[in-house]
Each structure stands twice: as C-alpha cells, then as structure tokens.
Amino acid sequence: MQEVRKKCLLIANHPYFTNFIIGLILLNAVIIGLETYSGVYSSYKNWFIAADQILLWIFTVEILIRMFASRSLTSFFKEPWNLFDFIIVASGHLFIGGHYVTVLRILRVLRVLRAISIIPSLRKMVNALLMTIPSMGTIMLLLGIFFYIYGVIGTTLFKSIAPEYFGTLHSSLLTLFQVVTLESWASGVMRPILAEDPTSWWFFVTFILIGTFVIFNLFVGVVVTNVEEANQAENPSPTDVKLREVQNELKEIKQMIKESQTNK
Amino acid sequence: MQEVRKKCLLIANHPYFTNFIIGLILLNAVIIGLETYSGVYSSYKNWFIAADQILLWIFTVEILIRMFASRSLTSFFKEPWNLFDFIIVASGHLFIGGHYVTVLRILRVLRVLRAISIIPSLRKMVNALLMTIPSMGTIMLLLGIFFYIYGVIGTTLFKSIAPEYFGTLHSSLLTLFQVVTLESWASGVMRPILAEDPTSWWFFVTFILIGTFVIFNLFVGVVVTNVEEANQAENPSPTDVKLREVQNELKEIKQMIKESQTNK
Amino acid sequence: MQEVRKKCLLIANHPYFTNFIIGLILLNAVIIGLETYSGVYSSYKNWFIAADQILLWIFTVEILIRMFASRSLTSFFKEPWNLFDFIIVASGHLFIGGHYVTVLRILRVLRVLRAISIIPSLRKMVNALLMTIPSMGTIMLLLGIFFYIYGVIGTTLFKSIAPEYFGTLHSSLLTLFQVVTLESWASGVMRPILAEDPTSWWFFVTFILIGTFVIFNLFVGVVVTNVEEANQAENPSPTDVKLREVQNELKEIKQMIKESQTNK
Amino acid sequence: MQEVRKKCLLIANHPYFTNFIIGLILLNAVIIGLETYSGVYSSYKNWFIAADQILLWIFTVEILIRMFASRSLTSFFKEPWNLFDFIIVASGHLFIGGHYVTVLRILRVLRVLRAISIIPSLRKMVNALLMTIPSMGTIMLLLGIFFYIYGVIGTTLFKSIAPEYFGTLHSSLLTLFQVVTLESWASGVMRPILAEDPTSWWFFVTFILIGTFVIFNLFVGVVVTNVEEANQAENPSPTDVKLREVQNELKEIKQMIKESQTNK
C-alpha cells in the first residue's frame, strides 16, 4: 500500500503529468467549443461522445492518483480545490446517459474551470480574488438594503405605468441593476415613465448618485487594498530598504559605545 | 424611577434584544416586499394590516425602552441615529389611517433603513460615507456652476430643435445628467440634434470631456482618501513599525551614553 | 491719486464687497436662468434688459475699483483671473445692442464663471485642475495619433457601408469619440456594419481595448498624482511626523556626545 | 567607409534632421487625411500619388542614413523601433502598384505611427504601456477562460432564441464583449431573451458582476502600479529625502564617537 502511495506521489508531482492534464483540459475545451456548432456536432456525434467518455475516464484516473498520493482522504478534501475537482469529475459520471441534455452540457463546460485548479498562478490569483469577498460583506449588505428599498418604492410607484420594468419586486430589482450599470436608464427606462409621471426623475437620479458612489467605493476600496498588498508583498518599498540600513547603523553605534565603555 | 432606568438599560444593551429587533426589521422588510405583489396583498389584506400594526407598536416600545435607558431626552436625541429611528417610527403613527396610501407605503419601507442604525458595522460604514460629504462641497459647487452654464446654453441653442431634451432649463439639466452618465448621449440626444445643427457637436464633446474629468476627480479624490485613511487606521504600515523600532533603539543609545557619563 | 488707490484697496479687500459681488453673480445666474423660459421672458422683457444693464454696470465699476486698487495695470493683468474677469465684463459692453441675439446670451451666461474667480476655494481647485493639463500633453498627443489612424482606416473601410457614421474623416472622429465612451458602440454602430462586412469587428474591438486602456491610464495617472499631492500638502503622513522625531533625537544624542567630550 | 558612417551619424543625430522628419510625417498624415475626402482625391489624384512617392523615398533615405550611422545592421535591428520603422517603410515599396487598393491605404496610414518612434517622449510612454502587457498575462488567461465558459453556455442556451447574438460561439464571444462594456446589455440583449426564457437573467447578471470585477481589478492593478512607479522614479518621496538626512547624521555620530575614542 505504502508502495502504491509513493508511486502515485511521484506521478502526481511530475511536471509531465500536470502538463499532460493541462493539455487534455485544453483539448476538452476545444471539443466542447466545436460541439456548439450544430453542423459539426451532428456529423461527428459518435466521435464527440467517445472523446468525452475517454477524457472523463482519464480525469477520473487523475483524481484517483492524486487521492492515493495524499496522506489521507480527509487531508485530500481539506484543500477546497481538490473537492472542486472531485465534484466536477464526479458529476460527469452521475449525469451521463444515452443522450446529451442541456444541463449536462453546461456541467461539462465547467471542466474547463479545472485549468484554474491545476495552473498554480491562476489558482493563486483566484484565491486572492475569493479572499476579498468577506471584506465586501458589510458593503454588500448596505447595497442589498439600498436596492431592496428602491425596489419596493419603484414597484409601488411605477407598477401600473411601466409593468415591463417595475411590474413585480423581482423585475424591479433587475431593472435597478440595469439602471446602476447606467444601461439605457434614461432612454429606455426613465423617459417613458417621466412622460406619465413628471416627478419620477428624483427616483432615478438619487438612485444613480447613491448607487454609483457606494459601488465605486466598494470596488476601489477592495481593489486598491488588494493591489497595495500585492505590491508590498512583492518588492519592499525603497523607504523600508533605507530604514533597514538605518537600523543596522544604529546597531553599529551601540556596539561602538559598548566597546568604548569596556575599553575604559 | 431609577429602578426603571436601570432595567431599561439592561434590556437595551442585551444582545438578545438587538437581535430580536434586527429579526423584526427583517420580517418587516419581507412583509413590505410581499405586499407589492397585488395578488398576495388582496387575499391577505387584513393579515398585512394587523402585522404592520403589531410591528409598529413593538418598534414604539423599543424606542421608548432605549429612551428611558438613556440619561436624558437631550442626550438621547443628540445621537442623530436615535432621532432618525424616532422619526421613522413616529411617522408610522402619524400617517396611519383606515386605508394604505402610496406615501404611507413608501414611508413604511424606510423602516428597513433602521437596520443601518441597529447593526454597528453598517452604522460605522454609513457614518464614514456621510462624513465625506463636506469634503465634496467645493467640487459639488464647481459641478453645479458647470451644469448650470451648460444647461442655460443648451436651452438657448436647442430649445426649438429638441424640445423633449432641452425644452426648459430643468429638463436640460436632467438631459445633461443623462449625458454625463454617457447614456445614449450620442445615439439618443446628439445625433438627432446634429442633423439639424451640424456645429452642435462641440457642446456635447466639451461637456463630456470636462464633466467626466471633474466627476472622476471628485470620486477618486474622495474615495482614495477614504480608503487610505481606513487602511492606515486598521493596520499601521510596515514602515511605521520599523520607525518605532528605530526610536526605541535611539532611546537605548541615549541611556547608554548617560550611563557612560555617570560611570566616569 | 494715492488717496483714491488706498480707498479702492480698502473697498476691494473688504469681505462685504466680495460677498456683495458673489450675491450679484448669483442673482445674475438666476435672471439668466429665468430668461430661458420664453413665457416669463416675453412678459417681463423690459425688466430683464434693465436688470442686465444695471448688473453689467455694477460689475464694470467693480472691475475698475479692483484695477485702481492694484499697483499698476500690468500687475493687474498679470493675474490671469483678472484678465478673465475683464474680458467677460468688457464683452458685455461690446456686444450690447437693441436686441438680444443668441451669441450675446451665451456670452452673458459665462458671467456665472466669475463665481470661480471670486470664491477663493473654487479658484484654487480650478487652478489645480488647469495645472494638470501640461502633464497630459504627451498622452493627449498619443491619443490624437491613435484617433487619427483609426479615423482614416474607418473612413476608408466603412465610408460606403455607413455614411452617417464614417462618411467623412471628421464624422469618423466624432463616431470614434462615441465608441470610446462605449455609447451604443455595438447596437448602434458596429452591428449594422457587421451585417455588411463580417470581419469589421476587429476594428471596434481593438479600438475599444486600446482606447479605454490608454484613457484610463491618462485619467488615473493624472488624478491619483493630483490626489496624493493634495493629501501630502494638507497633512504630512504619520511616517514623516515620526521621522522628524527621530531627527530631533539624533540631534540630542550629538549634543550629549559633544558634552561628554568637553567634560573630559 | 568610416567617413560615410561618421557623416551619417552627424546627420542622424542633428536636431534639424529629426524635426524635418517629424514635419514630413505630419505632412504625410495631413495628405492621407485629405485623401479620404473623395471629392478632393479625384480632383488632385496625380498630385497625391506623386507626393506619396516623394515622401516614401525621403523616408527610405532617412532609414538608410540611420542604418549607416549605426555600428552594424544587427545593432540597428536590435532596437525594435528601428525594425518597426523599416517594416513600415519597406511595405510601402512592396505594395506599390499603379492603383491604390484599400489594404495599401491602411498600410500607409500606419506611417503616422512612426511619429511614436521618432518623438522620444511618445516612445518612452508607449514602451511603458507595452511593458505592462506581460504582467497582465495571468489575468488575461483567467478572463479568457471566463469568457470561453460563458460563451459556450450562452451558445448552448440561447442559440435558438437569439441567433443574432448567440448563434455561434464566436458571435457569442463578441456579444459577451459587448455585454462586459455594459453597452445595451439589458435593452438590446437580455430583455428580448428574457421574454422567451424568464430564468436567463442569472446568466447576464453573474457575467457582469464577475466580468466587471475582474477587469476593474486588472485595469486598476496595472495602472496604479504604473503610476506609482512613475511617480517614485520622477521625484523621491519627502520621506526618503528625510531618511537620507537621518543616515547622514548617523554617520556624523559614528565619526564623533570614533574621535572621542581616539582622543582618549
């Protein structure tokens, strides 16, 4: 058993193995892309099904090798990316049937996401992006309250005037998302409503002013903090380099004073 | 009396109390959301009215408890968030009648805003956002002058060509707000006018160039300053940590020199 | 003569005088705004003409007082804002006639800009904004070359397909400005052209990618530099405060060493 | 031969020579611009062809002079901007024929790009922009995966509902680029699809949320890093200036201690 584990570890850590899997993920992506062209798909349907089955089994073997290579199942699944890989591959087996349904196809395209878990630099970047989510918690809650209040007010006021935009609370929330991206907020949404209710401009103008300000704050806050942390981690500032020199010189001075005291 | 105050203070500071109120505010938000679906509302109209009345009275009791818990009425109302809570709840009693009018409904949705005054992290964030308003004063004034001048020029020039956009000064200002958000400024606003007055492009191009530059300056200035202050407050920079070490070492050196002098 | 100059200086520097002029500029702005409403204007035409004449003469007297107050005419006109004020007011006299033409009206609305030259905080901010223009020189030149090349290519390729957007070089440049603001670039401009020339997407996609990147660079570069300079000027960083303390301590140490040497 | 090289070097480095070439590039740009006006072009066709030929030959001589001035051909072509100049001018000779085809015209407009290689400040700025491309590698790969997955899903889901937007994988990718620039994403793309498939909103909302966040991260990260580096390179921070003073004072103190030791 220990023998098998050692061999699996050797294989799993070998650069050829990783590159081979990256290559297969790329091939898988190309196949999935080709399938979307219905002409190509209907001509070579059997080839596509066969290729998909082969790739799925190779990925299964890959996961198994990496599983055996790790100390225990719990240590394997502790790493979220391993769990992610496992779910992606396992779902391929679960949903497989004689026919390709839409849900299955979409699931299969997610296999391309495995490129993130395999290429270290991508993994690091996505981890960094995911780590910003908790710090966005409070501002997201604030945005949620803000959207909800404007959604209820919008539905109450414009339900009968513009049912396609503010007919129900959920369609209002979608419309507000459109408005906050500034897409056709005036030409498409506000001006037709303004023609019926000439005082409705305050609703849109205040929503955009507050919304863009809060979102901009959120984005800039999170991103600038990210960037500065990344910069500081990569290369220390020239100020810090000089400060270290100052500290070294202070140590020398202390040493000199000590010596002058002992000399006496 | 002192007894009552003590008890109120105990209740008001108890985490269960706060969580209970947060839960009720959430419930209130859900109820208000459900009311916007006219089918649901007409079927359970009496239930909605009853739930609203009960919640309003619980909130009233909550405010009264927090009022009694504070040293005096003036100290209670000194805190702007308390005044905000009081107005929100009091207005619920003032406007209550046998029927639900639109104004009342909108007032009731503002009760959801009480979540901000109750959840400390939200309160802190909104305070921070509100504190940036004074520093925006000068740039807001500049933007105001800029919008006003372009508004008057636009109305004078395009009043007869595009009455739906530049018919009156206030509709011009709304159109300029639309233009500065870059929404349909060319396809919707400028091109039809350009067909009549081929030299009018300078009006829109200069307005967008100046407007986006000044607004971008405003946003970035306020937000970057905010973010940097927040970062500095949370964790001191590594430079500052090292500087403190330098200062400590300097103190040691001074001590050593003093000792060497007294030793003599 | 010296007497007159002293008196003028006293008047010109008096806060009441400045506030009075600010008030009149505000009044002038309101009057110009009201004039855009043709109903109001035709009813009170004579009043408007009279008010405008009176304000113009008061402003003339104000400029004259400030002129007399300054040491010499050259020192008065050295300050660009004084020259600006002078031109704005003088042009009012030049163009005045029996009837109000469009050009004159637009010139008169520029008098509102005098608020900038009179309110010190606005003046400081506009000066800061204007000072960023030279540093934008190179990037503006780069943008110019970039627009010109895409303008010529666009005109050559799409002249016959979309004459309303790319008929002539100058209309192409205007269309490219619209595209770089991302306004209807796809729905309005690209998709109709794409229907005729299916390979034209590269023109728009590369233009947007390069254009937004360069402009974003320009904006962020100028604005971030501005903001950081402003922040550093207003309050020195905590690091600098600590460094000064370190410098003071070093001086003390030097003093102590000197004393210990002389004591010997 | 050495004589010729020396003379070429003298000419190539002379400011008049550079200014003369900049002037000709400008003239070339104006001529190319004028040619797009078909009325002007057909009247003076022969003049345009002649001017173009003359300019092309002057540029050829210029490149040859600069070639002779450099130590060797390999050292000349090592500098990428020289290679760029050479290709631009050489292609003019290759494609020249009796008639002006579209491809040739576009190639000729690229000669305006030579202004970048000749004006030093532009060259420096473009070099800086190009140097950011490698650091964008990982995030570009991430964006690519993200676009590809959404492209495949979009094509699978909406192929039959909206063939003009999601008919094939490549048109889906173009549509997604349009959506991420927020151009008509709701009014043009989503709402017609939503009318057929009411659950499709998640596709667009998640795509916009993730896409704008990642792109914003990319832009801000690259640009802020750029700007900070540029600022630090141009003028050292006041902190660093003070630190140098501290270091000098430390050296003095060390000197003083040494002297006090030798004095004993």
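Labels A, B, C and D are assigned to the chains in the order they are written; within every chain, residues are numbered from 1.
In the analysis below, contacts are C-beta pairs under 8 Å (C-beta built on N, C-alpha and C of every residue); 3 or more make two chains touch, one makes a residue touch a chain.
Because the structure is a prediction, the values reported are computed rather than measured.
The minimum number of touch steps separating subunit A from subunit D is 1.
Taking only C-alpha atoms, you rotate subunit C by 90 degrees to land it on subunit D; that is to the nearest 5.
Of all chains, the one whose mean C-alpha position sits at the greatest distance from that of subunit B is D.
Centroids of subunit B and subunit C (each the mean of its C-alpha atoms) stand 29 Å apart.
One finds 41 Å separating the Cα centroids of subunit B and subunit D. Counting partner chains per residue, subunit C shows two or more touched chains at residues 182-184, 220, 224, 239, 243, 246, 250, 253, 257, 260, 264. Under the contact rule stated at the top, the pairs of chains that touch are A-B, A-D, B-C, C-D.
If you check the complex, the residues on subunit A that touch subunit D are 29, 32-33, 36-38, 102, 105-106, 109-110, 112-113, 115-116, 119, 121-122, 125-126, 129, 164, 174, 177-178, 181-184, 187-188, 219-220, 223-224, 226-227, 230-231, 238-239, 242-243, 245-246, 249-250, 252-253, 256-257, 259-260, 263-264. Of all residues in subunit D, those touching subunit A in their complex are 138-139, 141-142, 145, 148-149, 151-153, 155-157, 159, 168-169, 182-187, 191, 201, 205, 208, 213-214, 216-217, 220-221, 224-225, 228, 232, 236-237, 239-240, 243-244, 246-247, 250-251, 253-254, 257-258, 260-261, 264.
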